[in-house]
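Order as written gives the chain letters A, B, C, D and E; numbering starts at 1 within each chain.
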Amino acid sequence: MEPLTSFRLAGPGDRRETKRAAAPSLWHHVWRDYPVVSMGLLILICTGCAAAPCIANHDPAQFYLQHLNEAPNSSFYFGTDGLGRDIFSIIWYGGRVSLAVGFLSMIVSACIGIVYGCLSGTASPLVDTVMMRAAELISSIPSILLLLLLLAFIPAPDIFTISLIIGATTWMNLARIVRSEVRQIRNSDYVLASRTMGGGFFHVVWYHLLPNFLSPVMFMIVSSIGSGMMMEATLSFLGIGLPVEIVSWGTMLSLSSRALLTNSWWIILIPGLFLVVTLVCMTCIGHYLRHEVNRGCSNL
Amino acid sequence: NSTGNSGEKVLTYASADYTTINSILNTHDELPDIIFSGLMTYDAKGKPIPDLAKSYEFDPASLTYTFHLRENVKWHDGQPFTAADVKFTLDTLKHNKDLEASITDNYKEIEAVTAVDDYTVRIKLSQPNSAMLNYLTIGILPKHLLEGKDIMTDPFNQHPVGTGRYKFVSWDKGQSIIVEKNKDFYGKVPKIGKIIFKIIPDENAKAAQVKSGGVDLAWLNAQNAKVFRGNDKFTVYDFKTADYRAIAPNFNAPFWRKHGELIPILGYALNKKAIVDSVLTGQGAVAYSPLQVNTEYNDPDVEHRDYNPALFKEKVEKLGWKPGSDGIYEKDGEKLSFSVDTREYEEERVDIAKIASSQLKQSGVDMKVRIVPKLDWKILECFLIGQAAPFDPDNGTYDLFYTNASGNYTHYSNPAVDEWLGAARASYDPAVRKHAYNQFQQAWSDNPAYIMVAYLDGNYVADKKVTGLSTERVLGHHAVGVMWNVEDWDMQ
Amino acid sequence: MNFQKMYHTIWCKLAVFVIAMGILSIAVFYVSSYAPGDPLQSFYGERVEQMSPAEHEAARQRLGLDGPVYQRYLSWLHHAVQGDFGISFKYKEPALDVIRALIGNTLLLGSISYAIVFILAIGLAVCCALHEDTWIDRAICKIGTIVFYLPAFWVGLVLILLFNVNLGWLPGSGAYDPGQSDNVLNRLEHLVLPMLVMVISHVWYYAYMIRNKLLDETRQEYVFLAKVKGFSRFYIVCTHCLRNVAPTIVSIMAVSVNHILGGTYVVEAVFSYPGIGHLSIESAKYHDYNLLMLIVLITGALVIASGLIAQAVNERIDGRMKTAEGGASWNRSHRSA
Amino acid sequence: MIKENSLEIRHLSLSFDTAAGEIEAIRDISLSLHHGEILALVGESGCGKSVLCRSVLKLLPRFARIKQGNIFVKGMDITKYTEKQMQELRGTILSMVFQNPLTTLNPSMSMGAQLREAICRRQKLSRQAADTRAAELLQLVGIDHGMQRLTLLPQAFSGGQRQRCALAIALASDPEVLLADEPTTALDVTVQMQILDLLKDVRRQTGLSIVFVTHDLGVAARLADRVGIMYAGKLVEIGTADEIFYDSRHPYTWGLLSALPSAVEQGQRLKAIEGMPPDMLCPPRGDAFADRNPYALNIDYEEAPPFFEISPTHQAATWLLDKRAPCVVPPLCCRQREL
Amino acid sequence: MKNPLLDVRHISQIFSLGAGQTIEAVHDVSFAIQAHETVGLIGESGCGKSTLARILMGLYEPAAGDIYFKDMHISDHAVRKTQRRIIQREMHMIFQDADGALNPRMTAADSIREGLILAGKWKNAKDGRQQIEELLRSVGLDRRYGQACPGELSGGQRQRVAIARCLGIAPSLIIADEPIAALDVSIQAQIINLLKDLQEQQHFSMLFIAHDLAVVRYISDRTAVMYGGRLVEISSTEELFQQPLHPYTKLLLASILKPDPAYERQKRVPAFDHSLLSLEGAMTEVMPGHFVLCHAGKA
């Protein structure tokens, strides 16, 4: 056999793939800044909430009047509040409510925001201007006030209506961003190409607009879960949130004002910790989702 | 901030917010009490004694009061106080349709008011009203400022002028109301020069302010007051109050129309002692009657309806209720389930409601707690009510329980109660009245208007330097009346 | 720009403003009119319960609550343009007077926090952009996110506990000590904690937005050009990049007026700070329509006006806006390898 | 005679550490640029021309890493210079024109301001003087009414004008070495011609040395003293313009020259270089061009060829120049101009 | 003679730049494309070439003028509407910028499939897959590239995908707007060869817009020169390059750079003042099939 390094014109048979280093695997890329800790914590909290009945060692609705304001101990893992409720149990049940409100309100605001943004972005300039002005007008009323006004229509708010209303008052920002994305994308050549090939409105929206603006707004959508939860907490604090028998992290937090003087740190800190950890985890995941859309590196 | 610039003593008091300061618009508030003065006032025991009046006579035959007024009393703006002001005030109370009925109803027996001369007023009643002297403690308004004005919206309400111990100085909306002592006061001039009513609506903020020294005196709820006990920088004054909490069913609500017979027995399912011990940290008493603290007229032997779940079970099952699959009683497919409303601003009520609800649930009763900004008596089923009858027993019973009385929002109607309340009001004889009230309590207790829960103590926390507070007086609703002897207060 | 044109644009903006305010007022008026609940209760208290239908009708008439909604709106409008906004049912005095006493406090709190929030936000954003992907940036981002997610009321409570109750350094309620309304120092002292809460709960949202915009900007090619000229990184970020982000910042600032006003509501509740935020919640809860309308109109006017101003400012500072459409398509047809 | 080179690059290798792996953008490049010389770098897209220019000014992202080699500017080894030290050099000795004229100008800064910044970098001038100078520069690159146009934003300029402005900015600080990264791609042929002639003029007047990146061989022919051909991060051939165009030795250069439409008769197929440029993520072990090279030797697949010197100015990296290699005849179009 | 495939008559296009300013991007342009013919379009940048292409594709509504395609008056609204399907299947555009023309979130196969579906050529999944592979192969791409998103493809590969999509639709007229501007020399040649081969197989006509005169000369049968929104000269390619008549055409041709240093060193470009160039007048047939813009009467 001829030595490999012969100085002979390579014939068709000699042509071979030049040897390459193995390309790094896809997983390498995915795992690189995968928010492991955030994912882990979030999953932990979510499963905890889902499995609340199994985890809770006390009845969350029960007032243990013999155990008022007890610091964390072996029976009440996170202590009890001024009325003797077991914080550990309520955390898991309350998490269900908070997370549900967060997710539901996210879905509502994402739906309204995306549909509105798409419509406005693809509409004629006049309609677009009117729609955007309308959204601006709505957002010119401070959201808490708007919430109050809408809540007045609902005699007995429950998780669904509260989420609906929170979602219905927080979609404006999303709509604005979706619209500007759509405006950008709709002028891109691939949309034009699709149109010249006969793609109709829905075809273009579904195949071209949606996939392309979804990832830039994904971050906003994920973080709107957080804002929904915060909003619910604030409403609870202002005394206009969910009915009392539905305990959420928000209502637990709003109880903290009572614990101020008694130095019951567990009442103040624990719900706050859960809320903040959950929200921060969600943001981290949101960041990750956005990071995937490669944004290059600073030129500085 | 115990002394002002000129060396005068300044007290800062944590107050709720005011919208108006007017003796006939706000009735249970501290400020109108010290800015205005009435013909009569209450002494330490809660008995009416003359104030703007030097003396009075009563002619039972013609039902006529004749008041001799103090001379040389000046309004805070310097105008002289005369009988015309009294006539004006009482006429307004009688004729003005905008005023709250629960106030004006107390004066409906007044037939005519005549100013005999500048310092004599004659008041003729159409029917006997033994509590009339009590009601004449209401602050007198200046005719010269209010005549012909719309009393509801006049700027006077924000710049009150009275004859009382303190003069209105300034009002910083949402912040503070400042009053200073009335040096020309006809009675004992107060020692404290200025009182700042610092507006702090939130109970916890109030407590924080006391702790940080931002206010010198505040009414705190029991939980917060507890923190200050044993702290030698503060004094905690525990006033007895006539203020009680109860679950008040709306008898017009469909549920209670149908199942009114449940009301008397629900009390057995409530562990009121536990509520007092937890929510009120023991600062209060288990309640059984609206007149409980009025020792003079109280009948302690009425049925207390103390906690007795077994008895409740027995009685409720006798009424035909059966425990359902979820533990809640059912009858004819209907659940033993109703709601109780409470307003969000008073934590204690919310807590009481919540605990009561959880206690009732253990006995198979589903009571939902609804927190509402405002009450709508048209639809609510129950309200966690707070009432008080601190002075004459007529005050705080008649208008609440008499059929169709002005304050009878719950639409309670009980012929026996009506009968005895009317009798008590019509008689001036203490013995007759005592009997009547005892009978009333009996009748009420058999068929109560409320499910009584607890009497509250009024826990005032003051900086050590404030002296002179006297817990002798039984305070009213929301522990109002702490300033009854404000002229004796001092600051070290 | 010649005068003619300037007049024209000013008129246009005014017209937009008036129309927007009109629509806003109609919307709020209708929403609040149809919201269930009886405004009479605010005025008459529980007495409403005892009113006969005739009395009830008379009372409504007295407060101008009778008649169809559009008529009421027109009469409200008629009075409003003359400066009469009706009486507050709850406070039983002219709504304007109720607000006049308090709006100053809110504006003070709002504007100072607003200024600090944005100064700080820009500072943080620049700092992050300069140190992107280093521990400084990461630390700021992490802390910022956590701080951002602390509920404002909770932060307020903790701050009160710390600085007021336990340390006693700063007052924890009110806008000033009684009688000290003209004492600037006293006011400032009272502003510190509320302001801190406002800043803490808002700054990161904006800092992060500006940071991201700046980061996008630092990825632009012109940064290279500036570098080739030999400028330092700090100089480039502060002059070149910030200049390009300026229009965005201005728009964000306009939108944020509403957020920050909304933020004062919670802060006012926590610190018993007298302001219209607290008032508006009350008025919405108690169906105090005249007051509510006035408040919404004031905040709405602020927000819309700031939007219009931002637009004008942007047109001034950013030449790109004027030729946006033409410029964009031009770019496209000339995109090269 | 030893001339001090304006720019000298020795055995430079540079990689990007990206999420996908290491991209070897530059692999062992050595070249030198004499004082007052124009060197054209030609090569296809992605072969590392821009990266090479940027590495001289150290305008590369953080994840770019110089693996080996040195860069000398006027005899100074700047390989280890810090950002601060580089700032001293940039805008005084070194200057650069970037590939994309649409994005390199700050869109919110008037053209005048951007020019002034560059002018005032070297000498502190009054605003007036700076403006005058700016207008002169604009005139120089063929933009009339310079004074009036100073207040305009870049958007008001056409693509070609912008590219010329970028050039004016680069020239404003009187640099000694100019790295021009495809400065004429956005221009149409007529303007391109003007710019090329302008650069030559400037070179004659100031002794500026230029590295001119292009993938248009015509441009290189008109402008360059020497031409370097790059392929897949490597310099494969370098020589004077005449040597490259008339006596090229590397098969890739042949491929480039014969792919031009002018190289074939009308109606014939173009002689495209078949295949795709290699992926720089994992470059082949041997000669990167081997896959597409009709003259590939077996050894090309195993071992990268060294530089063979053809003349003192002309080197090429192909095994074909090895003594052991068979003699191949370059395609016709690369020979005919020898005449 | 047969009617031309595409007949463009007196097309104008005016853009408003806002604030009352307008720009006339295309002014009174007329020309025709016969079946199986390639017409090259050259001109300085910004002279309106892309605008013209977009007008032909119906992306812009022309301000004036008529376009006939296969004797359909396609610039007419009503006709365009009724014949939409046909027009969309018969005409296709290859965009200047291949990364813009492909949806970054769709794989190459998806993009091609979209074209097939919209053109009604999609039968079923199995045949479709085969069809796509066929198309990819015909543009010289391995089928594994079908699963790649545009971001993973090189410029030349992207352009090939765009061309494959275009071929899937099998139009009779392709408007190629600078399809090679973004590509480097070696890939350029590949694409041009590809287009040429495909044209021979499929007999479509082509309007080929480019900057590179050499390429245009190579690929097109006839060449049109645009300047300032107008057509200034049109003739068969050889004649135009041999015998340019319009001063701008002359300048253009003189500016062509040859890869020949010796030639370039001695070449001098004549000074040319754009302001002197007159754009008045009308297209006049100076020689058979060779039209030049000149003043009426002046030959």
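Going forward, contacts are C-beta pairs under 8 Å (C-beta built on N, C-alpha and C of every residue); 3 or more make two chains touch, one makes a residue touch a chain.
This one's a predicted model, so the numbers in the text were calculated from it and none came from an experiment.
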item: Given chain B and chain D, the chains that contact each of them; value: A, C
item: Any chain that touches chain D and chain A; value: C, E
item: Chain whose mean Cα position lies farthest from chain E; value: B
item: Contact-richer chain pair (by C-beta pairs counted) among A-E and A-C; value: A-C
item: Approximate Å spacing (C-alpha centroids) for the pair chain C, chain E; value: 53
item: Centre-of-Cα separation between chain B and chain A, whole angstrom; value: 49
item: Centroid distance [mean C-alpha coordinates] between chain C and chain B, Å; value: 41
item: Whole-Å separation of chain centres (CA-atom averages), chain B against chain E; value: 90
item: Multi-partner residues of chain A (at least 2 other chains); value: 240, 257, 260-261, 296-299
item: Interface hub residues of chain C, defined as touching at least two other chains; value: 37, 133, 160-161, 165, 220-221, 224, 227, 233, 269-270, 285, 323, 329-330, 332, 334-337
item: Numbers and ranges of chain D residues touching at least 2 other chains; value: 45, 59, 62, 159, 186
item: Interface residues, chain D side, partner chain A - complex; value: 19-21, 59, 61-63, 279, 281-288, 290-291, 295-303, 319, 322, 324-326, 328
item: List of chain C residues in touch with chain B within their complex; value: 37-38, 41, 43-47, 49-50, 55, 87, 90-93, 98, 101-102, 105, 160-161, 164-165, 168, 171-179, 181, 269-272, 274-275, 278-279, 285-286
item: Residue ranges of chain E touching chain A (in the complex, touch as defined); value: 54, 57-59, 84-85, 88-89, 91-93, 95-97, 100-106, 111, 114-115, 118-119, 162, 165, 169
item: Residue ranges of chain B touching chain A (in the complex, touch as defined); value: 202, 204-205, 207-208, 211, 223-224, 227, 274, 277-279, 344-345, 347, 350-351, 353-355, 357-358, 361, 368-371, 373
item: Contacting residues of chain A [partner chain C, same complex]; value: 133, 136-137, 139-145, 148-150, 152-153, 155, 173, 187, 226, 230, 233-234, 237-238, 240, 250, 253-254, 256-257, 260-261, 268, 272, 275-276, 279-280, 283-284, 295-300
